[in-house]
Amino acid sequence: MTRERLRDILEALSAGRITVSEAEDRLRYFPYEELGGVKLDHHRGIRKHFPEIIYGPGKTVEELLRIVKSFLERDLPLLITRVSSETAREIRERFPELEYHSRARILGKPRRGPRVGQIAILSGGTADLPVAEEARIAAEYFGNRVQTFYDVGVAGVHRLLSVAEELEKANALIVVAGMEGALPSVVAGLVDRPVIAVPTSVGYGAHFGGLAPLLAMLNSCAPGVAVVNIDNGVGAAYFASIINQMCIKKN
Amino acid sequence: MTRERLRDILEALSAGRITVSEAEDRLRYFPYEELGGVKLDHHRGIRKHFPEIIYGPGKTVEELLRIVKSFLERDLPLLITRVSSETAREIRERFPELEYHSRARILGKPRRGPRVGQIAILSGGTADLPVAEEARIAAEYFGNRVQTFYDVGVAGVHRLLSVAEELEKANALIVVAGMEGALPSVVAGLVDRPVIAVPTSVGYGAHFGGLAPLLAMLNSCAPGVAVVNIDNGVGAAYFASIINQMCIKKN
Amino acid sequence: MTRERLRDILEALSAGRITVSEAEDRLRYFPYEELGGVKLDHHRGIRKHFPEIIYGPGKTVEELLRIVKSFLERDLPLLITRVSSETAREIRERFPELEYHSRARILGKPRRGPRVGQIAILSGGTADLPVAEEARIAAEYFGNRVQTFYDVGVAGVHRLLSVAEELEKANALIVVAGMEGALPSVVAGLVDRPVIAVPTSVGYGAHFGGLAPLLAMLNSCAPGVAVVNIDNGVGAAYFASIINQMCIKKN
Amino acid sequence: MTRERLRDILEALSAGRITVSEAEDRLRYFPYEELGGVKLDHHRGIRKHFPEIIYGPGKTVEELLRIVKSFLERDLPLLITRVSSETAREIRERFPELEYHSRARILGKPRRGPRVGQIAILSGGTADLPVAEEARIAAEYFGNRVQTFYDVGVAGVHRLLSVAEELEKANALIVVAGMEGALPSVVAGLVDRPVIAVPTSVGYGAHFGGLAPLLAMLNSCAPGVAVVNIDNGVGAAYFASIINQMCIKKN
Amino acid sequence: MTRERLRDILEALSAGRITVSEAEDRLRYFPYEELGGVKLDHHRGIRKHFPEIIYGPGKTVEELLRIVKSFLERDLPLLITRVSSETAREIRERFPELEYHSRARILGKPRRGPRVGQIAILSGGTADLPVAEEARIAAEYFGNRVQTFYDVGVAGVHRLLSVAEELEKANALIVVAGMEGALPSVVAGLVDRPVIAVPTSVGYGAHFGGLAPLLAMLNSCAPGVAVVNIDNGVGAAYFASIINQMCIKKN
Amino acid sequence: MTRERLRDILEALSAGRITVSEAEDRLRYFPYEELGGVKLDHHRGIRKHFPEIIYGPGKTVEELLRIVKSFLERDLPLLITRVSSETAREIRERFPELEYHSRARILGKPRRGPRVGQIAILSGGTADLPVAEEARIAAEYFGNRVQTFYDVGVAGVHRLLSVAEELEKANALIVVAGMEGALPSVVAGLVDRPVIAVPTSVGYGAHFGGLAPLLAMLNSCAPGVAVVNIDNGVGAAYFASIINQMCIKKN
Amino acid sequence: MTRERLRDILEALSAGRITVSEAEDRLRYFPYEELGGVKLDHHRGIRKHFPEIIYGPGKTVEELLRIVKSFLERDLPLLITRVSSETAREIRERFPELEYHSRARILGKPRRGPRVGQIAILSGGTADLPVAEEARIAAEYFGNRVQTFYDVGVAGVHRLLSVAEELEKANALIVVAGMEGALPSVVAGLVDRPVIAVPTSVGYGAHFGGLAPLLAMLNSCAPGVAVVNIDNGVGAAYFASIINQMCIKKN
Amino acid sequence: MTRERLRDILEALSAGRITVSEAEDRLRYFPYEELGGVKLDHHRGIRKHFPEIIYGPGKTVEELLRIVKSFLERDLPLLITRVSSETAREIRERFPELEYHSRARILGKPRRGPRVGQIAILSGGTADLPVAEEARIAAEYFGNRVQTFYDVGVAGVHRLLSVAEELEKANALIVVAGMEGALPSVVAGLVDRPVIAVPTSVGYGAHFGGLAPLLAMLNSCAPGVAVVNIDNGVGAAYFASIINQMCIKKN
């Protein structure tokens, strides 16, 4: 569209329908203008492989309904995070075509087409499952094949070793851990794949809402670990998805 | 080697040279035993694409000399980080074949063979250069082609926009920034590639030694950003290298 | 008034109606006395351009009703912040002349007279709107013309560039941002106007209730940024208002 | 220049010297290209009222010499901050036309022309003087008239009250304070001018390198206070300068 | 009592009723034994001027009822802090002789006898009143005369100056302040009396639950300030009470 | 079982029923495979003296019911921590054989057999009882004899001295304290036994949810103190239990 | 003096030598003017019992020499804190009448006259002595009798108990402690006197430069404790001095 | 001695050489008196199994010489921590019988007699060796047999597994780790022995001087871990020694 409009102006000038000055005026803020406001989504839709991740908290049901409507009308895939079951119920009353994943707290509609490549998701304990599941659902929505390895925490390191060979098959690993957050270090010591570490807020006391595993992961003694925000399952999924899709495309 | 020894035991049993009980005893801790101690490096040498990154601080010149000798004898590539120019001089007196990169504070010997793929390294200001250069040298040592975009901080966002198209060519982007650490967010908004954010300790006052950009990067509003430790240029390079090499191999 | 009373005492002395000692006694704590207690508001009413901003939390409905009554009786403009919709409803039952702005959570009555000058308010995401709107309503109550630029976050920097020219028209800019708080740096790099940065508590995990954008804004690499407290929309509005009014008056 | 080049392309198209497609290609990244790289300084030189503030730490004498040379050749004013007396001596040996202010640790050359308007700088104690002086010299370099009120800390509030009337004459006030950082609150309660608060790292123990006054200033109970980073005298000066110059220009 | 038992043992030995070894055994842990267990309260009742301050939170109504009963039976004064109005109602149903101070959230029964000396309590804003009132009620319960100076915050320093002379009459000053916590510094600069500073949790954002005023008060530039925990009105009252009572007794 | 399977493979090889290659394949990931998945619990059941401590929070009643069923079917002892009375009631409706300890918030079934050795549990104040009781119940579930010394805080050090002799009888001491967390230091100065310090979140203001006693305990000036997480009564009990059981076994 | 000038103005008006307007002009800022500037010291010299405590760090030898000269000329007592032995030597070369206390790092000249009352200073370990000694010398300079009880830390609580009776004789106790900072709580449990707690920066690791004992002291479970800044021996001495002097004067 | 003196008094009374009153007077503060001052060491020498650990920093060479002399004269074992090689050299010039362990920075003289039992010391990386060695030397000085397992960090978990069986032989394990501090969790998952975790300050950036591993260790998901202060090797050794000695004695 943007290109078409640029072409229109240039053709109008070329055809003498407008003067150089008029063309100049229209072009001055052209690249900005076209990318601004509501038009942005289209742009992002082209440049990025998923249109927009909607962060649910702080939005009213009305606002969410408006967003959902806008996406469905344009037949775009949609992913809203951290949606309570109540809110999900209200929205699905009007848009029953949406899926709701209660543990992952995701409401949305996945990208069409087959899931490709391989992303592995590991988690330390069952309490980390909401975050791990947010990562899983999101990764699948973005069009990736996902394999999960839950409950492989470092307190029983044999559990992890028993799946080490499987992990090598993934293009990217998302490692979700609360408590002391040691899992990504051990995983990165085992496999030579990018490990995306997700600290969770699961813990108490000197856990300080996820600070303990966050710092642990940032200080990983094993190379090959990068970290996203506490509880940011969807962010890890997006990052892993870029890598996984790149590996696929390159083939 | 490990495989060979397993095979030896099994063949001895198969040939009746040892009893089932003797085989059992030898196998009991077999997989651990073979991977332990000094043999690990070989293992890592195979599994990972660079043998070992030596963290320089806290090691005496004598210890470093021993490490260098051991690597050179086995003809392995070598990368020692955070080496002062004095220490480098002392070591290079005995091992003149090593290179020293003073701004990156890296002493070592790169991996052989051509550099492949493409990693982009961006930095906000000139004060971030030691970290950016550590990332660059390390990425090159690991066998990657690197393109740098220095001094493209957010206070002059046009500088960044002017190189946006170039950035898309990289398989992974390392974005180094001190001060408020905003650069990775802006970059991730422009290109659909994995952005590895490196906060630096460049700043003062409420910067708290890199805490400010670290928190900023963890809270990036743009998806596609993962973070490594403050000033951890080499860690970012390793992470980017895994991705870049994967993209190459898949072809 | 204060002056009048001073003059009264001096004239009484000059006219011999009181002795030097009597005058001395009355004058000893004079400047304090006159400014003390409930009289302060008048003083502030003259010296400052808005009588008093009432911080709502921690005050009962009864206390708020008393304050409202006192202001309305004296026909003063009034601004109460962080008022819940329930509390607002209760108060407006008795004082229906008050306005309530639900998103900004402001209850009050604006200053009379035309709005002058120009203050620009920018925000990064829709979740920051309550704070941005608090700033907007407050700035208007204080008598300023306001133009808003919402949803111009750094993840899509083109949105911001497209309005850059408009921003130059403002005498002061209020830039509201949560998450990584990078917006003020980018804005201050574009326009040569005082940028008042407002970090918001919008975020989670390593956001630490607004600490992340607060630190980012304090460490802005672009000169021309000053910061107010997390979520302090009204404080930013007041600060911007002083500047805007000064620019107007000087003409 | 940018405009000229845009016009060139459009005229070439209008004249039929290039095709629509050729015009399209050249225009695609046009606004970025023109603003990028070394050309930025000119841009900033026009848009902003001082070319660039050079942050001294982390730059070698050689780098600083190159920067100085580049500025002096273009006859631009120059301000380098946090320069040690040793470094200053070395640089001035080659560029004796530069001034060095030892307490403010500023090396540079002021903007030409008369100083206009009025900025007031207050400080709590003598230990805050390096920061206050950095603000003063910088503000003067930027072309502002400055009046200083040093040693007016809150432990002797009468000192401050005695100068209250004077303060009202300034278009902006820079209030520098270490220890508990209470001075900006008291000042903002006295005068209706923008108060730019600068916390300093002067203190010990639970001062935590300036955290104590920083938090105090952000929580000021008096409206009209905005805060810059700890010890950021030059940042406060720049912010105050924008306001002061705006007040002047508007006349 | 303790002495009597010691004497009994010694007399038994002296009289030959027990052997040296038996005496030795009984005496070995003698001084501990006599001061231990439930006898402590009497001890404290004598040594300290108020029997025990009961911290309400975390105690069930049943536990509080038991404590109240025990104190009333022994006719001791009683002070329970941070009691909700609900809990207070339940307890007063059974013990109507107790007073409840809703703003101070104190339930109890004051010490008998006249209130002596003078303690001044100052507070910055109305939001600090619950803490200031806790201090006031507690100080009165401990038998001190109290004068309050509320709403004398530093944003209007004239209010404080107008009462400066009054403050000199107190033997100890309790200064309660939230926000930036600057009041104690200003007060200690005005009067030469011990200033007990109480930071409150009144604030938001970078207030961090009282951390801001706590740090400010610990860094007071005026000598003569000591600090108690955030919101610890009763602790300040106890400390002030010791001083005030000492001043009285000495006469 | 694991051993049996290893033996089966080796015997099959020895008997010529499988080839060396087949044996090799089966053995390659042998030690991992056998320890993986749900089989782990048995392993842990043998190696550790209590099968598994279930952390209650974040698990639904359904999940807890499943866990309880699985443990009871295998006749294993069971300990679920931080169970609300409501949840406990729901679970006990179906499994009435479980005990619920409301103050300790523990739901479970103790290990069979006599309680042995001696563990002492001390606490500073009554508000610390939930944590102290969690430690007590857990220690008893693990099969240890426990003696409690509650309400022996440092503000009345005589209480502690009176029980000093008793404390020497324990093989390990668990010292639970909130507020300033000074108790472990004083206890470790009195007895030469391992002191396991448990900070509690009991406190307010500058207590920061247990940070104050945590830091105090980590900095104990008395040797012989080690620390567990804030409020981690069960962790302290487990640690003390290992020591106590070791002392018993060695006899 | 101030009074005299006020009287002069009023008498001039009464006598008709000046008009009401002239009197008004002179009186307008009268109370400020008289207390401002250099006259403040005299004022403080009267109001406070020690003229001024000079904080040494950040002042050059020249500045200190100027201050010393000014005090000695007016024959005022003088106390400079945190003076290195080198600086002290330089200053005493010119002013040999000054004393230097190397452990306390105090340079000065005590107040004349006998030392009165009683202040007790306790410290936990020998490493806290510099702070304890700063408190002792300062307290003596301010004219107080001091008794010290060093090395009575809580790890050997018997040491403290053996001096408990002595402590009751003091009007105020300064308790200096690093490490876990438990001493003030134990002391306040023993004696009913104001306990001024001084945390020291003595410690390492999780001590965080004195944060550990600071938090411990603020959370003291024993009433009667107030806290000054980390290492602030002189501040504690000043606070104790006010109390001690008040007790004396009242007799 | 203490016992002897008590017996003397009692025998004197029993023999009629002193009256009951005289005995009473002498006994009144008896237990305190005898334990006070320099006599304490003897008491501790009996009750605790090592006389006193001297913390080196902050003590002058003269003070250390005095301490050494006093210990050697009484033929007591001695352990001084954190002694620089320079200081050690100076002291050993006069007391050549002392040993100095340069990596552990320990100066002293071990306890006589054979080393008993078994303590295992593990460390993650070579940079942690100073702390691990401090623990080892100290544990040996306290009379324990020690086995070390260095360089078994979690990034190569196989190294750790290969020694798992050996670890079971120890009565207590000291696990020293910097970086992310994950080692204790993995170890505690492998062996059912008390794991004493020692975080080290080895790391940079978001390591915050040991905070990262400290928090990780406190949040260990594996039961059986207790933590000592950052870098506190000697404290861990003391704690492990108590356990090891208890296990021996019980036999």
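By letter and in written order, the chains are A, B, C, D, E, F, G and H; residue numbering begins at 1 in each of them.
One rule holds for everything that comes next: contacts are C-beta pairs under 8 Å (C-beta built on N, C-alpha and C of every residue); 3 or more make two chains touch, one makes a residue touch a chain.
All of these numbers come straight from a predicted model, not from anything done at the bench.
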Task: Touching both subunit D and subunit H: give me those chains, sorted by label.
output: A, B, E, G
Query: Compared with subunit E, which chain's mean CA position is the farthest off?
result: B
- request: Among E-H, A-H or G-H, find the interface that matches A-F: by residue number, over half of the contact pairs should be common to both.
  value: G-H
- prompt: Roughly how far is subunit A from subunit E, going centre to centre by Cα mean, in whole Å?
  reply: 54
Euclidean distance of C-alpha centroids - subunit A vs subunit G, Å: 59
Message: Distance between subunit B and subunit C based on Cα centroids, please, to the nearest Å.
response: 50
Query: So which bits of subunit A are touching at least two other chains?
result: 31-32, 125, 156, 161, 205-207, 211, 214, 218-219, 229-230
Field: Pairs of chains found to touch, sorted by chain label
entry: A-B, A-C, A-D, A-F, A-H, B-C, B-D, B-F, B-H, C-D, C-E, C-G, D-E, D-G, E-F, E-G, E-H, F-G, F-H, G-H
- line: Within their complex, subunit G touches subunit F through residues 124-125, 153-157, 161, 179-182, 185-186, 188-190, 203, 205-208, 211-213, 215-222
- prompt: What residues of subunit E sit close enough to touch subunit H in their complex?
  reply: 3, 6-7, 10-11, 13-14, 16, 19-20, 23-24, 27, 30-31
- prompt: Taking the complex as given, what residues does subunit H use to touch subunit G?
  reply: 29, 31-33, 35-37, 40, 43-44, 55, 57-59, 63, 199, 201, 209-211, 214, 229-232
- line: As the complex stands, subunit A meets subunit F at residues 125-127, 156, 158-159, 161-165, 202, 204-207
Residues on subunit A engaged by subunit B in the complex (per definition of touch): 47-49, 53, 171, 191-194, 196, 214, 218-219, 223-230, 234-236, 238-239, 242-243, 246-248, 250-251
